[in-house]
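If you scroll down you'll find the structure; I have some questions about it.
Going by the order they are written in, the chains are A, B, C, D, E and F; count residues from 1 in each one.
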Amino acid sequence: MFEEVKMERMTWREFEAKKDRVLILPVGATEQHGPHLPLCVDAVLAEQFACRLAQAVGGVVAPTLSYGYKSKPLSGGGPLFPGTIDLNGATLQQLASDLFDEFVRDGFTKIFIMNAHFENDPFLIEAMDLCSARYGDRVTLVLSNWWDPMPEELIGRLFDEVPFPGWAFEHAAITETSLMLYFAPELVREELIVDSKGAAPCPYFKYPIDKDAIPSTGVLATARSSSAEKGRLIVEAVLPRLVEIVGTAFPG
Amino acid sequence: MFEEVKMERMTWREFEAKKDRVLILPVGATEQHGPHLPLCVDAVLAEQFACRLAQAVGGVVAPTLSYGYKSKPLSGGGPLFPGTIDLNGATLQQLASDLFDEFVRDGFTKIFIMNAHFENDPFLIEAMDLCSARYGDRVTLVLSNWWDPMPEELIGRLFDEVPFPGWAFEHAAITETSLMLYFAPELVREELIVDSKGAAPCPYFKYPIDKDAIPSTGVLATARSSSAEKGRLIVEAVLPRLVEIVGTAFPG
Amino acid sequence: MFEEVKMERMTWREFEAKKDRVLILPVGATEQHGPHLPLCVDAVLAEQFACRLAQAVGGVVAPTLSYGYKSKPLSGGGPLFPGTIDLNGATLQQLASDLFDEFVRDGFTKIFIMNAHFENDPFLIEAMDLCSARYGDRVTLVLSNWWDPMPEELIGRLFDEVPFPGWAFEHAAITETSLMLYFAPELVREELIVDSKGAAPCPYFKYPIDKDAIPSTGVLATARSSSAEKGRLIVEAVLPRLVEIVGTAFPG
Amino acid sequence: MFEEVKMERMTWREFEAKKDRVLILPVGATEQHGPHLPLCVDAVLAEQFACRLAQAVGGVVAPTLSYGYKSKPLSGGGPLFPGTIDLNGATLQQLASDLFDEFVRDGFTKIFIMNAHFENDPFLIEAMDLCSARYGDRVTLVLSNWWDPMPEELIGRLFDEVPFPGWAFEHAAITETSLMLYFAPELVREELIVDSKGAAPCPYFKYPIDKDAIPSTGVLATARSSSAEKGRLIVEAVLPRLVEIVGTAFPG
Amino acid sequence: MFEEVKMERMTWREFEAKKDRVLILPVGATEQHGPHLPLCVDAVLAEQFACRLAQAVGGVVAPTLSYGYKSKPLSGGGPLFPGTIDLNGATLQQLASDLFDEFVRDGFTKIFIMNAHFENDPFLIEAMDLCSARYGDRVTLVLSNWWDPMPEELIGRLFDEVPFPGWAFEHAAITETSLMLYFAPELVREELIVDSKGAAPCPYFKYPIDKDAIPSTGVLATARSSSAEKGRLIVEAVLPRLVEIVGTAFPG
Amino acid sequence: MFEEVKMERMTWREFEAKKDRVLILPVGATEQHGPHLPLCVDAVLAEQFACRLAQAVGGVVAPTLSYGYKSKPLSGGGPLFPGTIDLNGATLQQLASDLFDEFVRDGFTKIFIMNAHFENDPFLIEAMDLCSARYGDRVTLVLSNWWDPMPEELIGRLFDEVPFPGWAFEHAAITETSLMLYFAPELVREELIVDSKGAAPCPYFKYPIDKDAIPSTGVLATARSSSAEKGRLIVEAVLPRLVEIVGTAFPG
């Protein structure tokens, strides 16, 4: 699937021939997603959105970054869950910076970062900022999370049985579970979806982290009522918006 | 004002005598705040909340960090406005880390970071995370922004004439202007408050930054209907919550 | 394939249950491999050997590092080929270091780095050295390349039609092509294998790099006489040796 | 006081209008200054000289850096006194470097660093050196300490009752105490000035630091005979010299 | 000896006059070399080859780097021997980078790194790579180890009594001992040369390092049959090749 | 000369046997010293004082650091003279830090840094500070410059024909020239000593550096009246003081 857009499957000559296209870099994480979802959720979502976008706009998808910045308690359950493998901020930033530099050296000037892990943003953006200062106007860098361009009106349809808990708490919950049921149902343990009580908001950050403040399952809001159909709805709503961003941000 | 809580006014012996107290570090920024507010808004707000909190809980306020992390277009107008002086993320992180280490070496074990610049959070938290891994349980670090503990119900009273644009766009707008009118009215050019059109949301980050995407005044949402009275309302609602956080996070 | 050993497909609880096992980290590269092989060769080889080893020893395979250290002209064709995406040494080192730390925090004490990109070694080893100094005796770190444990006697069987050019020049040549034909034949463009003249050795490093010193195809030694059967021979000879290393290096 | 020269009180438009002026960055420290002086002495002195200089030359004063490089035993009492908050050298250097870059990006080309903490010099100068290599001739950076341009003949008048102990030992002693009595008498505990024995010189540096080598008060030479009048004498002698430096170093 | 080529003995004016010449930087190590050789072997060899090469090509020899990157068990005995003083990779890289920059600032454009410590290569080359990216075509950097250009046919004459163990194991063995007997016989304890059993190869790297895997003398292959005459043979074979490299790499 | 104290001439077993001794690290520079002195002056002076001190106290002398921190205009002539090879501060600091760590790992607990280049101090001391924080009380680190312990009364005898210009200006002047005449007369071009006008003091640092502010010879104060005899006087006065420092700082 998506064979024709994946850089990793191309020879260097095939890749070289596409250097005027949009280069899409999917960025995920390796992070706990409760008892019913695998550790690769963010990597899978980033790669799926990236490949579908690439198909739509004739882009190229670079190998996915499978490790991301530190999971935070109230957006991903935090570092105390085994399987949550956290990079330091400086490491992710340097990794992204090296990759941008190399894509640019190979002649690409339109770089789209497709992110699926909430916590990655600030360090990816710091890399974009510092690289862009060196590139000037000849290179355009864009970052979008898959949830950012989601139409407001869709929220109601997705959260028809339970209330929308806000994006930070949508971890291993309805949107991620539905997308995984749509993209890779073989990786979802549906029988382990429980209608657990979600996390409670907290108006401050505290270290050392209180493990008690997070549901012991790692699920921050209920995944009940997730479905492949809802996953499809999200993709069909978000993808055209991503295509639109590409059109706007990389004109000509 | 606040003479008795400011570390900078103490001798070393006076400071030493307080090492079992909460040490509060205000973190602001030097950043454009439209035609009607000075560059020091975030530093003033951080320091004011810090000093009032210190008075309430018997804490000590360290010298304010007057420079913060990079202003972003849709939360502070971005780097292209003169007077917006941006630190790199690594610099702010290292600065905070050195300070935490030094307060801990002096015997303090309760450190409260009072932040007033939206963009600072991820790099301050990265410093907290890395330092806490070295300190273990003997030191507690807490970060709160002044807007985080604000009661939901207050929003309606503050935004009685114009709609609430979301916290990111509340830059040089009603809450910041009202707080400055309450804390330091001599620094507000009320005659320059104009009822400008605010910024439009954008579901992605892009570099190089489009200057056209931001209102040319640097005001991201209207400041119309700001008042010292609204500033007072905010302080009176937020302060007890901050005191509560101190009580919860640093028990005993 | 290999579903049961891949960390990314596990939930956090499944992963936690395996923390006394060997954790295998495959490290590859995104690098030109001539006109007939895709950019992912090193990543595929690292992952294939890692998964087969994990099956044999009951280990867990972490997500593959798809980007590696800088390709050098006389071991990978060098940086001037499009599609060769090079990390700085410090970046790869920091990335590996963060990952080791996280696996150790999750309770793993036996870490095996399965490398397939010649140039990665020094920076992975530097990370191992610095991390091990912090871990002391409670954690064992092992690195092996797939070619290191290859029995000497196999060389003659693989190089039955052309002479063995040495490991550095075995880039996009017989061993890599044969392994790809065995592991992932759909990714090999057999019709593009040409019996080109290989690279000439050079007793020094020089910058700026002379592009003329490298065959323009990126193939450093002929791939003629490659076959899936030779790939199978390599795997069947190397795998038992890797199992033996695991037994020796992580006793008990 | 000094309202009109302080950047922090300006709006961004007011600041922008001054970009052809001299930008003065005061750099202090948070450091013990004996039983009679507050921790902010170096910050106050740096800011006072900066503001007075700015008034004289039409310059702009950026927010003071309140934290400086590590206090050394025989120039500031060293790190073992509570209230002495030390930045690492690399942190101060990076902080200064970021600020220079930002002032230059805003259009300023004449930057004057007004330092009041002896130990800051090497790391501020390293930042100046590295930044200047990037700026070339279009930006001029100058650093002066307030004691550097002091006329030799003034020493006799200041040290009329006790001998001049050298600048390194003039810590919490006659010059700093007199300046604080002149600038901010409300911060001086005059009753706590004791005629203590000063520190003894030592021809080497040693770690770990011997606490016994430093007077337990933190005062390195007697403050006896300090007066606001002596403070005024210093200011009246030094200020014209600073103005002269500005005229010489930033011609035209 | 070699007075006329050593930079350190020149005045600045003499050095300036040579800026169109080849600048040769010898890089060694401080590392155990068994019971019969001193810790300076690699530094002496680097400097001797550098000076002889400089005489032959009219070059200038910069002060030798006496400390190198970490000794590895199977190429130098590893870090556990006293007297083996290891730099971190990042330190050697930064040191080399600073030196290249300075030689280039002084007008030199032909830089030859004469290395004599196996483990230094990757970090010296990383420095060359990063510096060269900044210099572009106006500066040429070359690195050669003294053993790289050795003619294959010489191996047989040197290893007339014992088999050639491979370059990695030639540590404190025949080639190094013979060269030291030729260059600096007063530093060789010939009576302590014992015909010890050498190290055994190992197809993987492991941390923590097994001290038992290395001969307790630190000699990785026998030094028996070493002689000053063999040292002379090496020099007479290698030197013309180094001269040839200079001619090829720095034409015109 | 000094064969028995130089670490570089020892085997690892000889070095190991001395681990309870004082380890002396000479730190110099490669820096212009006018038309009459070679670039190695600071390295020679550091090594000579180190070896004589080692003989007197039974210490061991590690290989000299031949490259130091950036020369400043008014203490060494500055970076614009060819032959002045400047390390960045961070590089020297990291280099020293790595060496301290390695000496300590080898069992040494008494480390004496013998410095001969004025500008090195702050970065060597920063390394000492950071390392000592890790070592605690079990390791003692001392730094002395050769001029620091010089008896005041000797100044008059050395400056019998010309006035003492202060230590910063004693660059390529009477003390350095006399010491070189005593230690290594073959490296001094006596015929090129001219009675030039020295540098003028300046109460501020400025970048870009004004080349005109420094005498074009690079000599900051006259070397007239230098003699080997004066060199001998310095050594005979300073050496006993250095021995005394060793006795005081490393008791027992």
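One rule holds for everything that comes next: a contact is a pair of C-beta atoms (placed from the backbone, for glycine too) under 8 Å apart; a residue touches a chain by one contact, two chains touch by 3 or more.
Remember, predicted model here, so these are calculated numbers, not experimental data.
Asks: In the touch network of chains, how many steps separate subunit C from subunit F on the shortest route?
Replies: So the least number of steps between the two chains is 2.
Asks: For subunit E, which other chain has the most distant CA centre?
Replies: Most distant chain from subunit E: B.
Asks: With residue numbers as the basis of comparison, which of the pairs A-B, C-E or E-F duplicates the interface of B-D in over half of its contact pairs?
Replies: E-F
Asks: Mind checking the centre-to-centre distance between subunit C and subunit D? Centres are C-alpha means, answer in whole Å.
Replies: So the centroids are 56 Å from each other.
Asks: What is the distance in Å between the mean C-alpha positions of subunit A and subunit C?
Replies: That pair's centroid distance is 27 Å.
Asks: Which positions in subunit E touch two or more other chains at once?
Replies: As it turns out, subunit E has residues touching two or more other chains at 88, 90.
Asks: A student should be able to answer this: under the defined touch rule, what is the ring order from subunit C, with subunit E coming next?
Replies: Listed round the ring from subunit C, with subunit E adjacent next, the chains are C, E, F, D, B, A.
Asks: Using the touch definition up top, name the residues of subunit E that touch subunit F in the complex.
Replies: That would be residues 7-13, 15-16, 19, 30, 32-40, 43, 62-64, 66-67, 79, 81-88, 90-91, 94-95, 98-99, 102-103, 105-107, 187, 189, 192, 218 of subunit E.
Asks: Which bits of subunit A are touching subunit B when the two form their complex?
Replies: Touch list, subunit A to subunit B: 70, 72, 88-90, 93, 121-123, 125-126, 128-132, 136-137, 140-144, 148-149, 203-208, 241, 245, 249.
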